[in-house]
Amino acid sequence: MTLPIWWRTDPTQPVRIGPRELPGRIWTASGCFAYGLSGHDIRSLDVGSPYAGIGAVVTKTVTPQPRSGNPMPRLVELEHGAINSIGLENVGHAEFVEAVLPALEERGVPTVVSLAATRPDEFGPMCERLAEVGRGFVHWHGVELNLSCPNVAEGGHDFGSSPATVAECVAAARPHLPDRLLIAKLTPNVAQIAPLAAAAAEAGCDAIAAINTVLGLDIDLETGQPVLPRRFGGYSGPAIRPIALAKCDEIIRQVGVPVIGIGGIETADDALRFFALGCAAVQVGTAQMRDPFAAARMAAALRPDAATT
Amino acid sequence: MTLPIWWRTDPTQPVRIGPRELPGRIWTASGCFAYGLSGHDIRSLDVGSPYAGIGAVVTKTVTPQPRSGNPMPRLVELEHGAINSIGLENVGHAEFVEAVLPALEERGVPTVVSLAATRPDEFGPMCERLAEVGRGFVHWHGVELNLSCPNVAEGGHDFGSSPATVAECVAAARPHLPDRLLIAKLTPNVAQIAPLAAAAAEAGCDAIAAINTVLGLDIDLETGQPVLPRRFGGYSGPAIRPIALAKCDEIIRQVGVPVIGIGGIETADDALRFFALGCAAVQVGTAQMRDPFAAARMAAALRPDAATT
Amino acid sequence: MGPVTPTPWDLTGRVTANEPVSTGLLRLDVALPRTVGFRPGQFAMLNLTGPGQLVFRRPFSIFAADGETMSFLYRVVGRGTALMAALREGDAVDCLGPLGRPFLRPDADTPPALVLAGGVGLPPLHAWAEAHKRPDDLICFGGRDGGDVPWSLLDDRWHVSVDRADGVPPGRQAHEGLVTGLATELLAAYDGPRLVLACGPTPLLRAAAKLARDRGWPCEVSLEEHMGCGYGVCKGCVVPVLSDDLAGWRNATSCEEGPVFDAATLDWDRLGASHGGVA
Amino acid sequence: MGPVTPTPWDLTGRVTANEPVSTGLLRLDVALPRTVGFRPGQFAMLNLTGPGQLVFRRPFSIFAADGETMSFLYRVVGRGTALMAALREGDAVDCLGPLGRPFLRPDADTPPALVLAGGVGLPPLHAWAEAHKRPDDLICFGGRDGGDVPWSLLDDRWHVSVDRADGVPPGRQAHEGLVTGLATELLAAYDGPRLVLACGPTPLLRAAAKLARDRGWPCEVSLEEHMGCGYGVCKGCVVPVLSDDLAGWRNATSCEEGPVFDAATLDWDRLGASHGGVA
């Protein structure tokens, strides 16, 4: 791979976003790398560990209570992407802060904790408790508010599509995280994403993560029925990349807030497209499922000295 | 190809939608088959003509004045689809009604005329004049209001994302087309499409066509700049099919109005997915560019006797 | 789970052979750049194309790992396996494995096994039978017909059943009927408690589990759940297992806690419901 | 436009040959299920993959159509042409053509031609030169170096120029420099008005158009505009041509009104601007 001449950034070098310095610009996306405790034992000949060079693992979204998620099947491969309706299966906030967060700190995994709730005011207590347990942790960098999961709410729509609610969520979290990174992750399933990003920025978040999955549906031809029991799911993977790029561009050009690009990033070239728009970092989602080393390999390939080493 | 057991419809048989009986359920989509006068001379060994078995050609969108469209490049192939910003290049309404519509009638092309405007009240006079010239025409079936082209308006958004404006457009057109099919074509670039469909249905349209292209952007890696001069474009092709299916399902299940499915339909199987949801007809867009016979071949393949003939 | 399982590697291998071993089964041999261990029942995720074609890798039980060659047996059922069948000598295949929880490794206290392999469920149990050559084990394979059975892979320890007897080669024997029928016959002939190990279609697994449960025998089954990642990060492969939670059950990832499960821990009713009621 | 052009067919052909004819050019021969005519300058849209890979077909000038075999010359520049180079004998290729407006068919009144083919612009002009063997025509090809020139395809009517002279085979001659330089030399030697025909990189087309315009000669150029459909339905391939509209110009589809245009009708300034100012 030859890097384009306009690219001069080493994505494995520290980057400051909001109040934190993170160890790099290539992250893994929420829900696509579990809690950051999986895959540590996997080896490859090119990149030592799946975690090598990664700027942050955004954890699977954690909710106030444990959730067992939606019925199976809940992740289906499509022609150019995947559709999922995992339904935020997670261990719940209590177990997460007690067992998982300390394990991440111990392992030295740069971590951003993804949180979701069904009411904006639930974010406050969750962040407060995180800050309590995580006080002094050096690898826990902050929180990403998942304001956009289309699988949970009825009909696939969610409270993250109203600027006022987005602002409320950010405002609930912010005071508890004075020195941690606070990211609002937005849904693309809106007419305009910039007003949501602006509302989040105004309410005090440090960065916007975009995009979450796109509402989609597929049909099992044999039965004529939707492939997912709940009909709709979240569409991810290479097919949604142009949509993600459009949404990131809209935010970057209309709102003065750092953007973390997500959506269909499979290769170093794909990551470069988001950086070309001005994204501060990117997250690798679906591609991480095919390849535990997807993000790590991207990070290695995008070092300006990569061609010569 | 084996047809699934639930499929028993012959898409080349007449179908009634609103006040009209059209000759079939497989149509070509606006902007992807010009005015229905191209390609008549192309031959193949399997299907005689690209028009064989087609239910309707939806014309390239016609606007009150002629338009030369956007600067080149304005149609770019992506990995799993295409992105375009043609900018509604068209001959203008006057030339269309005087020269094109009569030619279509003479050739016997089943036609739905796509119209766009920048103000809702422009639809009235356009429809009135169409009805005047088209009085007595048997192959002109009606009008599709393109309420969704994201390329024209500033920033890519458009007046078709407000239920009130959609209703206004439909209401402006309806009185002039008492016995013709009136279709509202909606944009997918909204949080919820059902309210738009409901507004259109209430204002008197006979069917909803969904979806138009999805707002997208791609980057030329060499330059780091968007591939289209206007940055954004309309994303079409196989990648958007799951999104289109989700939008059609939303309308069908929430609004009692016939739906014409569009988006990424490349093969007979893809068309079946939309029919499985309950779509009354489908339109073939981008696939028609790769294959002038795409719709015609689909129609032939979906005849229940296709396997045995 | 016994001793630690071998380290999983993500390696780009080269196809050295890809040929039918019966009418329905093909064998793929991949030469890897280094030796990788495995325990029978573990699987690998095969990346059959570059980016731009298949979004996910495909899970396949490891049939054998001999030096640097890893082997698989497979059936063409869809897009990925069709691409797999088209692989030629020298083609690249990324191979991530071994992954998952293997079948139990027997020790001196383990009763003799009743092995039930149905169709494409053969590879992990063949590997198990090769790894643990215990004289009293009863080892059964069920195929569709004589042509479907990979006779060359089955030494004379294997009892074979076929739905239809046509195509059984001269000198080989096959019980006509289900593999569970064959098992019942064999159990009548050979008395005593058994460890039941099963891999194959869901009805076979259910029958095996019931057979064991009715007799109070231990039983392990290998489930074929659709997988996104194969290494525990997507939660797309869960199966319900019994637990002492309030709910009485919880989700287990079949790629990490399985694919081999203790049949007694699976919530079979819920499994049926969440899998379209597969019998 | 002269007589009606041959009927376009969409036919599934089979590759009969796919081999280099020079360091940079390959030749693809496709056997079609029936004879298809063409006129030099026309092109075909080749479907190089099934659905699921390339969204659009790719346009290629028809190099020759001999009985049921249609031939193309091409250079690998991207995804589609890379797939094209990988085609093997017997592989299927859908071929839609002939399409587009051809080069002028000369009659008794047509002045002798000056043919300027640059690199991959060779096929349509080679076809034209084969179709119209008029003794006074000046026929030129410009390549990168001696190896880049498909000598075996160029009989001794062809004058050849190369950017760098290395690799010119013994017994063949090549002018060192641009093909327009070669043309200037030839024009000095052979006097009189000419029909200029050009196909190749944009600078060559511009130079050809200027040369003709300065002398008041007729000139046709073949443009390589990116195409979606190739048969006039997408409006993704437009180029600006002069018109007596209010605006002074209008868009012409290069797949229907072109790819061959009368150089005098093209709005060269606007063409430059809308094409990133390509010189």
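Here the chain labels run A, B, C and D in written order, and each chain numbers its own residues starting at 1.
Following the convention adopted for this analysis, a residue touches a chain if its C-beta (ideal position, glycine included) is under 8 Å from a C-beta of that chain, and two chains touch if they have at least 3 such contacts.
None of the values given here were measured: they were computed from a predicted structure.
Common neighbours of subunit B and subunit D under the contact rule above are absent.
On a Cα centroid basis, the chain most remote from subunit D in this structure is C. Here the spacing of subunit A and subunit D, counted between their Cα centres, is 49 Å.
We define each chain's centre as the mean of its Cα atoms; on that basis subunit A and subunit C are separated by 35 Å.
Put simply, the C-alpha centre of subunit C and that of subunit D have 58 angstrom between them.
Multi-chain contact residues of subunit B (touching two or more other chains) are listed as 78-81, 238.
Looking at subunit D, one finds that residues 52 touch two or more other chains. On the side of subunit C, the complex with subunit A involves touching residues 7-11, 33-34, 47, 51-52, 54-57, 94, 96, 225-226, 228-229, 231-239, 247, 250-251, 256, 273-275.
Within the complex, the subunit A residues that touch subunit C are 31-34, 38-39, 41-45, 60, 68-69, 71-78, 80-82, 84, 86, 89, 237-238, 266-267, 286-293.
Remark: subunit B residues 4, 6-7, 78-81, 83, 155-157, 161, 189-192, 214-219, 221-226, 231-232, 235, 238-243, 245-246, 249-250, 269, 272-273, 276-277 touch subunit A in the complex.
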